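Listed after this line are the structures, all set down as structure tokens.
Okay, so chain A shows up in both of these, paired with chain B first and chain C after.
Take a look at the complex of A and B:
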């Protein structure tokens, strides 16, 4: 356990000892802030049918930031270690592969959540500056953070897997972006295709991240969504573990 | 040295193939586990709302109706996506479908899918002008809900010029969808009759204030067939009658009609008797035999009567299934000049006798006033003071929770105007009508009550100066702080 915590701390601090981690956080906050402000500017003084925070997660801005920031965080997890030659040193230490995989994943997820955390202040910031706003309902804010954490854990696991496949950070980032975008677009089909009876439509709704995030931002926590993300996270972490294990074949 | 050469090579081709096969099988097994876990998760799930916003919560009644569904119900949303109600309609129906996958939703956008729209029109025999509908289809029964039924509007603000547009203030989706669902899913269609011929409220009149058209529409919505019934001459109460509604007769029923009514009730009939302050039913002796006492008076409640209105807000309820939900939701009834209706003094509440429950009463400030006419002069006499019962439920021969045609049920209310076209929407009168009808029809799955969901309009105002400040905070201060911290760390590490 101590080795796992030490490794996780090492992974997390790696983001903060260089300028890169701060640049990533600043980039995330810049994109989110600009998107949120654009939405506020568009809705100012106009009646609309859902809370502005809910509307924000229903726009493309949120997804753009999510899909772009994930590769930036995870591309270095294994690829950089392989490129700099520290990977073999790490793997020959008396630490199991499972611990390495989990520590790198937890470190990346913790950094991801830190990068998003300032966005939790947006509803309160809006409440402070806007007139005629209803009090902030803490439930949907908490559910939204839970949704971001679940989405993040899935994308972090996917990114770790992509990074474990190559020694090039660019290739790792592109792979993460491509698979992440593909899965997102698959779920997006349920939005553009009118609902029809049948298992195909049910499957599309089940994997639709837009639908999941819509529920979370309304304050609805559905165990199906939680299972979906946790099972996929576990699956990609398992794949990463197998990839690390495969070095013994060579 | 010899031993080393005898050991098999660690990375032989066959071993590598074996590892690769092992890898593929492990990945396939993990993928199968993920699929199974998700399949199980979709079958056994919970949906919890971490919000006070009731728009995403289905009422207990809707959940009850959805749980009782055994057949597939097909719901066709025949809508233009650009319509304002498209989103709330589909979002609500999605909640229904999530609560029970037997509710299958099909969306047909008649603007972009004309061929499909024609098929729907032909299948449900819709008129060429039909648009923006929600169609419920099951067991060969269909129920069509139009867009105009779904909304409640604030016309007053528009009329006085406060608003330029007519604003939508309420969304009746859940009430209408649940009743439509229950109607098409229930293979039986109960028959109810409105007694006529004595100056009763007209159930076919939806325009006049004292008509019962809206009440009749509510019954039709819950899947009840309606017909008028005259008891004069040789007419009898039909055997298929599941409910008889007697809405404030102005001419007393004659002895032969009373006999037919008595026979009907003794045979397990169900009756909703509404007696206003000015009605003359002549049913007092019959009701006395069932343990009911009808007061010849008018009741006021000094604590709960709006000034100079003649109406009484009633919020003292028994935990009976008819009014229990109103009590738990703290919804009052608004009655108009009610008369007292209570349990007859000395009525035996033993196993063989009819069980009489006083459903609603005034507060302790209730006052029953008897009107005494002395020629052209009239004077009011204080008859009673204190808690005065205003409506009762009578049940005889039934076993709680068991549908039994032999069980007599009756609700007698000391007012009839509270369910007329003008008053049915006031307070929780509509909910009472729904509850009373479904208790009398022995449909426990319909008991609960759903009010309209308020339509919340979100709006905010930020001045130009504050918008500029917000821009700098969001785009410069927050990202800049992170960048500045990064620079400090970087500079310190450079030293």
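Take a look at the complex of A and C:
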């Protein structure tokens, strides 16, 4: 357990001793700020009939953050260690593969959530300056946060897996981006061109991340969604574990 | 299994897709020994070390470290090993003390014990002056010391160092060799090298590896001895060349000889003895008897280099 915490801390602090960590945080702030700006603009114009959190996610900047930031955070996890050879020193310490996989994942997820941290000020800003005119309920905000964490874990797990497959960070980043974008587009597809009603349509709705996120931002916490993301996260972490083990059967 | 052996390797084989890296390796290393793996690049040294360190698994055969199987009891083995891979990879973005502390914690040390050990190795390897520097900015010599310090920060029973002196300058090589020698007092050490004098000066036993097999295993001295049967004797004697030639022709112990003129009126004679004889006393007696002057009398020591060339070339002949 101690080794796990040590490694998690290392994975997290790694982002703060290099420039990339700050670039990522700055990029996220820029996109979120833009999103917030759009939201304020909408509030100032005609009234709308949805929770502000949903409006916030309607702008699409969230997806940009998720798709662009994931590769930037996870590309280094394994690829860099493989490229420099530190993978060997890491795996010959008494720490097990499971601990390594979990520590790297937790480190990445923690950094992702930290990059979101400044956005936590938005509800308070709204409440403060709008003086009760734009009610921000705690429920939808909490649900939204949960949604961000769940989608974040899935994407981080995916990114860690892609990084474990290669020793090139660029390949890792592009793989993560391609798979991430593909999955996102699957959901987007059902939105811009609704398919004929039938099982295909149902399937698309069920795996559509846009639909899931909409529910979360409305304050609906659907256990199906939670299960969906947790199982996908577990699945990709399991795959990563298998990849780490594979050096022994090759 | 005897309690004295630190490493027991039996019939270890590792095949990569279509290529055999090591084929049926068997050897044991006793506690407190400093053993050197010697072999050209691609002989299977690193592969063997990686298997012992639990990084790779063998295709067949078994390896035990301190009585634990490296495959089924990998964690127990890794607890007892300090391993420095080839090229000594380190995290460039960490500072020396931070790195050593991080590694010590990964290896299960904690609290005051962890701090003590980190302080100890920093002292032991003269890292105090760089302990707050980023590893990226260290010289190669310091990097190497950090790597070795990391390998023994958790006081492992067995230290495995893959090519510990590669890329160092002669002064640094000497420092690292001394470090390794000092380690041998308290730990079992396995090092690999393709540089022969290195193994010769640091190790108590040498395993010569070639194409995944052990060709010879002995102490450097015994290997010398085995070879010295063919050791040449060089003598520089002031005497007429023809007379010298005649002497060597008639001396039964001399198998081959070569006489050439040296500076002054000396003749340089290179003599190869018949089967394991030492010619030196015979030559001295001869010179004294004839009243010649003698200014050099040496038996050429076979360096490991010769032994290595000899063993590997014999191998090649058998193949052809």
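In the analysis below, the second predicted complex is superposed on the first by the 236 of 250 C-alpha atoms of A that agree within 3 Å, B and C clash if a C-alpha of one lies under 4 Å from a C-alpha of the other, contacts with A are read in each partner's own complex, and residues count from 1 in each chain.
One rule holds for everything that comes next: contacts are C-beta pairs under 8 Å (C-beta built on N, C-alpha and C of every residue); 3 or more make two chains touch, one makes a residue touch a chain.
Predicted model only: the values in this text are computed from it and were never measured.
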Looking at A:95, would you say it contacts chain B, chain C, both, or neither? Reply first, second, both or neither. second
So, A:143: does it touch chain B (first), chain C (second), both, or neither? first
Contact breadth on chain A, by residue count: chain C or chain B: B
Using the superposition on chain A described above, determine whether A:224 touches chain B (first), chain C (second), both, or neither. first
With both complexes overlaid on chain A, does A:86 touch chain B (first), chain C (second), both or neither? second
Considering only the contact definition stated at the top, list the common interface residues of chain A for chain B and chain C. 17-18, 249-250
Residue positions on chain C within touch of chain A in the complex are 16-17, 50, 53-57, 75, 78-79, 81, 83-87, 89-94, 102-103, 105-108, 110, 150
State the interface residues of chain A toward chain B in the complex, per the touch definition above. 16-19, 21-23, 25-27, 29-30, 32-34, 36-37, 40-41, 43-52, 118, 122, 125-126, 129-134, 137, 139-140, 142-143, 194-197, 202, 206, 218-224, 227-228, 231-232, 234-235, 238-239, 242, 246, 249-250
Tell me, which parts of chain A touch chain C in their complex? 2-3, 6-7, 10, 14, 17-18, 84-86, 88-96, 247-250
Write out the stretch or stretches of chain B touching chain A in their complex. 11, 16, 19-20, 23, 26-27, 30-31, 33-34, 37-38, 41-42, 45-53, 56, 74, 77, 84, 87-88, 90, 98, 101, 104-109, 113, 455-462, 466-467, 469-471, 473-475, 478-480, 482-483, 485-487, 489-490, 493
